[in-house]
Amino acid sequence: MSGTETKGWSRQQMADRLAAEFEDGWIVNLGVGIPTLCSNTDTGDRDVVFHSENGVIGYGPVLPEGQEDLHLVNAGGQNVSLRPGAAIVHHADSFAVIRSGRIDATVMGAYEAASNGDFANWKVAVNAKGGGIGGAMDLAACARRVFLLLEHTTRRGAPRLVRRCALPVTARRVVTLVATNYGLFKPEGEGFRVLELAPGLTLDEARAATGAPLAA
Amino acid sequence: MPKSKLFAGFAEAVAGIPDGSTIAFGGFAGPGTPFNLIRALLAQGARNLTCVSNTTGGAHQPRMPDIGMLVENGQVRKVVCSFTAATRPTDVLPFARFLEAGQVEAELVPQGTLAERLRAAGSGIPAFYTPTGVGTEIAEGRETRNFNGREHLLEHALPVDYALLRACQADEAGNLRYRLAQRNFNPVMAMAARTVLVEVEEELLPAGAMDPDAVHTPGIFVHRLVRIPPPPDGLWPARRLERAR
Amino acid sequence: MPKSKLFAGFAEAVAGIPDGSTIAFGGFAGPGTPFNLIRALLAQGARNLTCVSNTTGGAHQPRMPDIGMLVENGQVRKVVCSFTAATRPTDVLPFARFLEAGQVEAELVPQGTLAERLRAAGSGIPAFYTPTGVGTEIAEGRETRNFNGREHLLEHALPVDYALLRACQADEAGNLRYRLAQRNFNPVMAMAARTVLVEVEEELLPAGAMDPDAVHTPGIFVHRLVRIPPPPDGLWPARRLERAR
Amino acid sequence: MSGTETKGWSRQQMADRLAAEFEDGWIVNLGVGIPTLCSNTDTGDRDVVFHSENGVIGYGPVLPEGQEDLHLVNAGGQNVSLRPGAAIVHHADSFAVIRSGRIDATVMGAYEAASNGDFANWKVAVNAKGGGIGGAMDLAACARRVFLLLEHTTRRGAPRLVRRCALPVTARRVVTLVATNYGLFKPEGEGFRVLELAPGLTLDEARAATGAPLAA
């Protein structure tokens, strides 16, 4: 999706808006794609520890070209920096952190986010062969809060915020917040509550692009 | 004294791997991936393999030796991975057309479950319960059980015959250290395997030179070490680029 | 910034522990035992505790603060240990007469099962299977299941409210390093606990001064650190002697 | 038990005799008591790695007074030395080594060793309250070979080598070899085979002190 077609927030703005929800002392896991942009956000005096499922605890922004450490990547394979106090663990211990409920928020991309709290992000079509689960099912099932970051519609304009997922779900009844280029939304069963709309977007525009009721 | 764990080259290290083996491959998005051992296994030609790994590779450029290449080379019966397809509809992994054509089997496993099944195999734990995947397609027809008011899936240990790993440092006793994100699956794959092959980035240390408190994988898990030569003979990670879409 | 994890003293660190808590105590035969935190807990007086530890202590001289003393002090409802009696018929542990008098409950758990139940609790694994103990008295009436032709016992996670640990080094982020045999149960107890208290032997390091590859327990598991003062104010291990028989 | 009453081998001789069975490359776990003496045995050009359940992999002899490292103990709480190539792991990983079948031989003390391969070493009496299991059940169930080191009789002269254990067992049908002050024995179902008798002991003497048939 090219930036010029996108309504509302840019990807970095979506990430920044969601990162504004992070609280001091939280441990936050950032998934592949748009979520990795959250580690570029300045969280001010809120100390947030970023966790990556490959066992990197306490990483910071992506490093500019030429300054990368090729032994250090985040979940998306980007060469990131480490913050003071970082620690490395192996994969089983990294998922021990996840499954034991120590991740305050996981931020993931998704194909569909449903108002009943289900979401789908591992299979591109119902009948697709294979899929890409990665750490998403562990994170979705076990993190204290599931934050989703996704474009509000598909390239063809079909809504990604829906009442029920059509695609195979990653986990059920777990989604806490959804940030899209249209704004910030909270699933509330049969519809979403609008917590904030991106500048220049009206509620009617958002409703027209959403597959579930939107409450202001 | 037992014979040295240091092998002269990658070909020597992989020479005895028979057809039908189950092999775990370390690495996550580059770091810790045994590129040189995979290249040697491509040349060695063992067939009918079951490959356990986070991904089948091929999502980034420059492409390095990966499970997908073993599949393309007709060496693989089945893969056990947390990714068996790209997560972007517009991406198509090299592996995908073999999967779609039914030329290879795939078992798709959530990443934390994959890591824990390997650790379980290396810990004499035949099975355990996890909340991951409950209510999803991967749980269909599977055994579940309620603990503390919550459904959990029964998952089985995943033992492997061989683990192919990459580490930063090794000593003569086989003790390993990984650097930063290079660690990932490598320690649990070493635990899960009967025979462990490691390509090592730095010069082999004499026994006693590595701080016992700093060892990531104890030498008792490790059988064959090969020092990676400088490029171009040895394969070293390059800066990763997204694949063209 | 979150408030500092460094506490002024042991009394301050244990002050909030309520009656009825389940507490894991690190240490194996001396190294890694939180002697100073146990002494502070004796003074603090929390009652009705469940204590998880390898032993109840008291098998060696000079005697240091141990679970047995908490029992003698009337603070303990139950212990979960791999030793609840001495292994020599001629030895009688201080704890034994309380157990025999029915003044304290005891759950006797094989040591590997104890360690794994703690790790499971810290890993979101509610239960697992182990071959340990099958065919023995501890398996009587328990659920077993056959895997790979062998009977296994179902074992449950053992979560705790607090872990009291001892480490060699810590940094401001709470990252810990243990020295040699000091490590023992400490990392898995840190994982199993909701709140982790650590007495630390060396001066606290600034965040960033500890090599991320050398961390044994990541700071995200750790909540309260206390620097151990030099003797006689702080308790330090002495050379162990067998108890007189 | 004072040395002067003991027939046959001393404790160190028992340990040395059993240690002679260790093969090059073995990983051997030594339990509390007499077994710890095995780490003092010179195994010559056979490289044996001693494992202790507290996560010490590759330790050596007990250190003399004044040279101890108080951070380093074996399973018996003795201050031992480390051999080159040693590594430390935590308790769960140490028992992962044990349960996954990587211990070639475990050497333990026992109250009773039965010819059917059962043995008892965690409870001093059938009705005793409490017991001392330690790592014995894990080791007994999972090590490739279970070697026992014990005095041939109780202080009162009752046999410790028996057909069936009277005490609660530690594991069933697992014992490989038994070394006592009387010699080296192999359980073979209804009786023991004598592999070696300590100097000065006759087969008749050994038979009189054993609660199971002895085959020469």
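Per-chain residue numbering starts at 1, and chain names A, B, C and D are given in the order in which the chains are listed.
Operating definition for what follows: a contact is a pair of C-beta atoms (placed from the backbone, for glycine too) under 8 Å apart; a residue touches a chain by one contact, two chains touch by 3 or more.
All values reported here derive from a predicted model rather than from experimental measurement.
Note: centroid distance subunit A to subunit B, computed from Cα atoms, is 27 Å. Each chain gets one centre point, the mean of its Cα atoms, and the points for subunit A and subunit D are 56 Å apart.
Separating the CA-averaged centres of subunit B and subunit D is a span of 38 Å. In subunit D, the residues that reach two or more other chains under the touch definition are 82, 88-89, 92, 95, 98-99, 142. Multi-chain contact residues of subunit C, defined as those touching 2 or more other chains: 116, 119, 123-125, 130-131, 179-180, 183, 212-213, 216.
If you sketch which chains touch which, the pattern fits none of the simple shapes: not an open path, not a single ring, not a star, and not all-to-all.
Per the contact rule defined earlier, chains pair up in contact as A-B, A-C, B-C, B-D, C-D. Subunit C makes touch with subunit A in their complex at residues 1-2, 119, 121-125, 171-175, 191, 206-208, 212-213, 215, 218-221.
Residues 24-25, 27, 45, 47, 49, 51, 57-58, 82, 84-89, 92, 95-102, 142 of subunit D are the ones touching subunit B in the complex. Only residues 28-31, 54, 59-60, 82-87, 89, 96, 99-100, 106, 108-113, 115-116, 118-119, 130-138, 168, 179-188, 216, 237-240 of subunit C touch subunit D when the two sit together in their complex. Residues 32-33, 52-56, 65, 68-73, 75-77, 79, 82, 88-92, 94-95, 98-99, 109, 121-125, 128-138, 141-142, 168-172 of subunit D are the ones touching subunit C in the complex. Taken in their complex, subunit C has these residues touching subunit B: 116, 120, 123-131, 145, 147-148, 150, 152, 156, 177-180, 183, 212-214, 216.
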